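Below you'll find the structures, each written out as structure tokens.
Each of the next two complexes has subunit A plus one more chain, namely subunit B in the first and subunit C in the second.
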Partner chain A sequence: MGLGTADDQAAKSDIVLVVRHLCKSFVTKKGAPAQWALDDVSLEAHAGRVTGLVGADGAGKTTLIRTAAGLLLPTSGTVTVLGLDSAKEAIEIQRRVGYMPQKFGLYQDLSVDENMTLYADLQGVPMAERPERFQRLLRMTDLTAFTRRRAGALSGGMKQKLGLACALIKSPRMLLLDEPTVGVDPVSRRELWKIVYALVEKEGIGVLLSTAYLDEAERCQHVVLLHEGRNLDEGAPQKFKDRIRGRVFLITPPADVKPRQIQNHMAGQKGIIDATIRSGRVRVVTEHGWGAQVAETLPAAWRPHIREALPQFEDAFMALIPRRQGHFQIDPHPAVRKGLPQDEVVVQTRGLEKWFGAFEAVKHLSFEVRRGEIFGLLGPNGAGKSTTFRMLCGLLSASGGEIRVAGHDLRRSGAQARAHLGYMAQQFSLYGQLSVAENLTFYGRAYGLGDPKLRERLAWADAEFDLARWRATPAGQLPGGYKQRLAMAAALLHEPDIIFLDEPTSGVDPLARREFWLRINGFAEQGVTVVVTTHFMEESEYCDRMLIMSQGASLAMGTPAEIRKLVRTPDRPDPTIEDAFVALALGEVIPGGHAADNGKGDSP
Partner chain B sequence: MSRSALFLMRMRGFLRKEVLQIYRDPSSIALAIFLPMVLLFIFGYGVSLDAEDVPLAVVLDDPGPEARDFAARYDLSIYFHTHYAKSIIEAERWMTQRRVEGIVHIPQGFAADLLAGRTAKVQIIINGVDANRARLIQGYSHGILQKWTEVRQARGEPALRPAATVTQRVWFNESSISRNYLVPGLITLIMTLTGILLTALVVAREWERGTMEAILVTPLRRIDLLLGKVLPYYVLGMLGMVLSVVVGIFLFGVPFRGSILALLFLSSLFMLASLGFGLLISAVIRVQFVAAQISIVAGYLPALFLSGLLFDLDSTPRFIQIISYILPAKYFVTISHTLFMTGNVWPLLLPNALALASMATLFIALAYRNITKRLDG
Partner chain C sequence: MLATLRRISALIRKEFASIFKDPRSRMVLIGPPLIQFFIFGYAATFDVKNVRYAVLDEDRSSESRDLLARLHGSENFECVQTLSSDEEIATVIDRQLAKLVVHIGPAFSRDIHIGVPTTVQVILDGRNSNAALIALGYIGTILEQFNRDLAAGGSAGAGGVLLEERAWYNANLQSRWFIVSGLGGVISMVIVMIVTGLSIAREREFGTFDQLLVAPFRPGEILVGKSVPGMLFGFLDALLFSVGAVWWFEVPFRGTITALMLALACFILTIVGVGLLVSSLSMTMQQALLGSFVFMMPAVILSGFTTPIENMPHWLQIGTYLNPVRYIIRALREIFLEGAGVPMIWPQLWPLLLIACVTLPAAAWMFRHRSQ
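After this line comes the complex of A and B, so read on.
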């Protein structure tokens, strides 16, 4: 904001995008009130820099990018791209910008080369320029060896890179990228960013990019923080971080304390905005003016372990977005459920395999989960997490190997095993037209809960998940976070001792994601075993142990600390789980063996 | 580059993409080639409006040679399969149990009456549940009686005295085989279904897979999109049509008396109308499943029941007839029947062709109007 200074005036000449008071509403049903996806948003993007649209799902990022691409008409306000009005001169804009939609717009039946030729034809790239241009784009995206492969047979990361190559086919002056890195493995994510930087620096392209990964905001030169259709704030990432200096702290857990316990203690304390686990430590953001007093909220034994930390963008984000009502408070003294033997192995697989035709989706996987553990299956889209997961729940049959759940062999006594399981599917799988209470009653009955028990559990669900005021609301009309609460309540209604959660935090805003993990922590403290999949690498910090998967195989298994330790080097003293994934996937480190210098090394 | 060079480049890219997709994704080929063949075989072999080997009870109460000779005519007929009953009681029981569909009762005194020159009586009872079939059986039976009379008269033997002689001649479908009538009608049905489904599904698929969103943000114009979808599927649909005609003529022995050129020209008009209708659906519906349902309900079913393909429209209520005027299939059924069984009767073909041409224009124009380069209409 504030385009007053001389520097800014100079920069004005290379403004590639101007959004002025943009509003966009959608009418979902006739007669229903319009949904405002964007509400009076103004922003600018410049040539030669990456402008990031940062926000949770439903913040309005996609709507804004689509409007800029001429795919949507503003309800009011204007979008000007390269000096052209997006409502009136869409086709002229489309000649000049590269656009990459969230769902890659690639033709799966066409090869890499054919996809690129198609877009070159559509964009009118002269034949003479093509060989050189294609070669350069292929080299940039590392796809030279795959020109004849069908797009459908590429990995998720390669698809994204091909999508980017297609968007760049005409050397556009501006790039619109809608969540180009979502669900992509960390290695490909880093490569995509490298390409974007190269374009910005060498060719001076203006990039408008949306992302739900808060760590990616730091990679942008300018960040616009969208929240529920409004521009909350914008500026360089550093500006966001500077503002909360002195309000961010790290607590290193003492020897006998789990980070989770500290997190549970801190979350919901007065003056504490955010408490997360990062690299084995608890990261805390305080409210304005509370930084000096943060140590007082800790028990005396923990106080020496707290120190101030440099703010990250995520901390600033959490401090900026408005809290919603009914903020979750964790019970600091959970009651351990009785009658559950501790330390018993409840889920066990040995040599688990799954073949789909000639494709091996899961390769010889063996692991164990103990009672009361939070066990994470981690990996990018397409790593085989969901397939493994469905086999564990008995939804898919294994092609080979053994699975035992709660002491039952899933192949022989699936039904008995299932009575112990709670399952929350990746997609919202409740009945949208039924009310909250009706959905819960249905699930309770399906699990055979009798009247008194059902009443007791419904009361529990109302209290635990703060669902009481939504009882009569049709499930389909719940706000996002509450849908997820309801799904979880339904999965837990029959008091399972093992719960399986498939990508529970996918498409959920950061606030709801934190709340979700606090709840999970709570259940684990009560002795419930939790098996969870996620593609958010940093979420694995909440797990007791995890299995990192890539292309159907296990890359590494262990506690977050063990995994991080695998990849610790002198130049990387404090690696994140994402660093670990990248190092493991690239073969820089062989779990159980030594670091390999040439990336190959001998197998353990 | 000039505007037309750019246009040609876009079209080339778009068409090549469609051809590659058709070639690699079997669903379009299945729709254009396999589906017509399945329909053709089901209707060609499975559905017949003819009656053959109709089970018939014969009650021979008269032992005379004339009576037996008359009954033998039924034994020999290809239309009937006779079962001799001991009495009319037994025959009636068979009839109630649906083991036979008709009874020929030759009463006592048949031969005596015949030889004495009196009016000899034969009773024929037909199961009338299926009125059409009953009329067919009645017709065949009547034919046998008439033939027998003619033979006896020719030999100078006493015969049944016909009240009047009807000389019947069937034109255009001389042997009255229903297949000759069904197959040309069926080609109408096939073209309706494939034409609408091809475009409606292919466009909906692009929406579902997210490719539409990506190509909309290119300099592609609405007319490019229209042509790019109509041209390849016109060719594919016409291939299916030609294949159906070839199978009809050579496998089912259906006559074809018009000219091939006339067929190609007139069926092109119809194909364009179907494709245009499919595009119109696809402009509004972006989900394959719904697009398929609408194609069936708004395209296939009316073409099957209201186009005069199976049921004669003249005997339907007035409002059905009015509805049928807005169905392209109605016009093409007439064209197809005429070309197959009668020939190039231009006074009949032209008005129908005109109707098809205007409908094709209307649908394609409407589709063009509704094609949008935006996501929210």
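After this line comes the complex of A and C, so read on.
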């Protein structure tokens, strides 16, 4: 943010990167038509400012950055970095540019110091310059205290910072950062941005950075919006936002209405591009010219609660991205499943602990989940969410404490108890060589569905997840969003009472993520209990209640409103869950009895 | 019970589908066994043929020529050089121009004529001790014949004792019979170890195993579902190559087909247990393959497949009782060459079943306890 006058400065400063009519295609096997990862993209990046490549997965961000780093050859068009042609002078470019790929090649068994020395050796940094340079980088990344720790033992955020330090080891004039903040906790994300700003301001480095986090786009001085290999639009974030002024609205739910219900109502209405839940309110983006009529789509009782809001970059992004297919509409009147007693505790842990050797991955965790709730386990990578989750599913034994899921400890109890739950793993975990239909049939039979029932459920999956046209396709060749749909269909085929979803939205683009949450909402409305982990803080708005974890321990638990209330201060009247996480993680707020605990579950 | 069967059949169908859909998996089932079949059948032989030798004949008499002609006429030997001095012997052996040098001294014919014992010196390249020993045996036989003919043609009263050889079960002592008869066991082991060894590790690596573990499968059901494809492929390969041994390599099949099937079935069950145990201990396919080879190498060497167990040190011989391959090699030779039926090979079968009783439940236990 703080660099508002960027555009004027940039015009004067020199250009570090020029991309002209860049096309890049990847040849797929067996004579299939070539995939155009980049299709006639042109852009420029300047020294002394941050240029953001923003787009969903598969937009071509990584391809562009790898081409600029001289790692890929353009199919046509040119990339000029610091005046050098990326196709002919790749080695020269690599000598002058700092490049940090999505997974930076840190040597996990080497210490922080050894990793830095190794990269200094590789880059030929003179011995005499090293002590001073190392010290400065370590101070900047806050890693001074950890120089002797193995890189493998660092947290996700520290690893990224070390990667950045290694990419900066010889004072590059330009920095290429490929999604540097993916899976990094909010505190570390803010720190990474601080480092980037410092580099840009003090050393005048030009930074080209890609991100799938739309809120980060606002931190860039210049944004290039990529979609399916094309440059849709570019400019300062403010320019994007100005364009949709008057088309963004906030609906504050009336006392007896859940935000989710309003969201379900709005999603898919004519003229509505996007409906999301933010800080307990429903945020709506309308199509061009529909702003005036938006109130009419609401039931009369809700109309007084709508007001116009300031656009954010994410709203503009949603408005710019072409819709792929028809609106996703969930059943407005879901059939509530009968015979499920409401308000019953279905998942319960008490003093749950997990040790891996001397490392305590989960520290004394207690919580309860009631039937029909969406319960979120939130936290950055390495917070212990997945470990907790795997213990709940019976995939991992607890080192201490108690777990009850639907009245059973899944680790000890038999196959019968497992038949009532569905599980969707973090990575795609279906059989890639088998077709969509074969995968579903296998899981259906595994859960004991007889042939008539199986046919019925397969038809349901085809309809619900739009899988009919992919039936014969090997699961491994599905596009990303459909892989996730298939995984979800497989987990729900046997109509489980409880579903466990482990990071279901990681690696899924913002469009698919919205659709996914609408579906989850629908299942919860039908009385299915949902336990879900995510490292996207804003997704917690979809949960009924959540547990925020950090370093294996519980930071806070409660409804989204309760969590936000914890950190509300006069100068921060409307905090987000991310603000809450940062404040809690930094110890600015100690969750006491005043907010988190109102009868549902016990706060630590 | 019905639900159990349904789940098992779902798992088996899925296993077959994933093997047949993957071109590489299909290749593994037939390619490597075929290569092994021909390599072991043709290349792995102990019969020594075309031994290159050199001659240093300092006598140059009709007797020495007679002796050398016998060597020359044997298909086992091939004369590569005729030397003229002692010094050349070392060069010829060192440079591996010849495996052995026959040295006939200057007094050879004189000694024969005056009737005193004489010597023929044979210098061997001992670097390959096995081949050297066998070549020496051949020369011994030729010399013996030479002596006998001398005795018959010359001085009377040299009747002596004649050795009459009869090798049972393998009249011509062809080592190919020895190797190829046990080949079905080794090949089926490789197939089963690869198919089952990778089966669980592959699921672990791709994350699908968790999805299996949260489904209502019992460990026993996973065990059966995972074993059946490997057993079937191992069994088919073993039968195929047993037929190949008879038709292609003309190894006699003297026993009963029932005994062969039963022996293979017991052996493959045991190997499935080992394969699944290795697989359930591995987190990645690479680990599983390494683990499989760590098992297979010593298992073959300590099985008596190529070298007799009786030649090993005593403590190692005791160790081989734990090796399932030992039993199948013995059983297969008994069936092929001795004509054994089921009762005769039973002593080889029960130890196999005993090993399976340990490895299979251990693998099932590992499914759940090795995940992290």
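We adopt the following convention: the second predicted complex is superposed on the first by the 573 of 604 C-alpha atoms of A that agree within 3 Å, B and C clash if a C-alpha of one lies under 4 Å from a C-alpha of the other, contacts with A are read in each partner's own complex, and residues count from 1 in each chain.
Operating definition for what follows: a contact is a pair of C-beta atoms (placed from the backbone, for glycine too) under 8 Å apart; a residue touches a chain by one contact, two chains touch by 3 or more.
The structure displayed is predicted, hence computed values, not measured ones.
Peer 1: Contact-wise, after the overlay, does A:Gln433 reach subunit B, subunit C, both or neither (first, second, both, neither)?
Peer 2: second
Peer 1: Tell me the contact category for A:Arg404 with respect to subunit B and subunit C: first, second, both or neither.
Peer 2: Neither partner.
Peer 1: State whether A:Glu114 touches subunit B only (first), subunit C only (second), both chains, or neither.
Peer 2: first
Peer 1: By the touch definition at the top of the document, which applies to A:Lys363: first (subunit B), second (subunit C), both, or neither?
Peer 2: In the superposition, A:Lys363 touches no partner, neither subunit B nor subunit C.
Peer 1: After the superposition on A, what does A:Arg418 contact: first (subunit B), second (subunit C), both or neither?
Peer 2: Only subunit C is touched by A:Arg418; subunit B is not.
Peer 1: Quick one: is A:Leu73 in contact with subunit B, with subunit C, with both, or with neither? Answer first, second, both or neither.
Peer 2: first
Peer 1: Is A:Gly448 touching the first partner subunit B, the second partner subunit C, both, or neither of them?
Peer 2: second
Peer 1: Contact-wise, after the overlay, does A:Gln123 reach subunit B, subunit C, both or neither (first, second, both, neither)?
Peer 2: After superposing on A, A:Gln123 lies in contact with subunit B but is clear of subunit C.
Peer 1: Inside the complex, what are the residues of subunit A that reach subunit B?
Peer 2: 26, 66, 69-73, 90-91, 94-95, 97, 99-110, 114, 117-124, 126, 150, 163, 166, 176
Peer 1: Give the list of subunit B residues in touch with subunit A in this complex.
Peer 2: 1, 6, 9-10, 12-14, 16-17, 20-21, 24-25, 209-221, 373-376
Peer 1: Where on subunit C does subunit A make contact in their complex?
Peer 2: 3, 6-7, 9-11, 13-14, 17-18, 21-22, 206-208, 210-218, 369, 371-372
Peer 1: Considering the complex alone, what residue numbers of subunit A touch subunit C?
Peer 2: 356, 390, 393-397, 414-416, 418-419, 421, 423, 425-434, 438, 441-443, 445-448, 474, 490, 500
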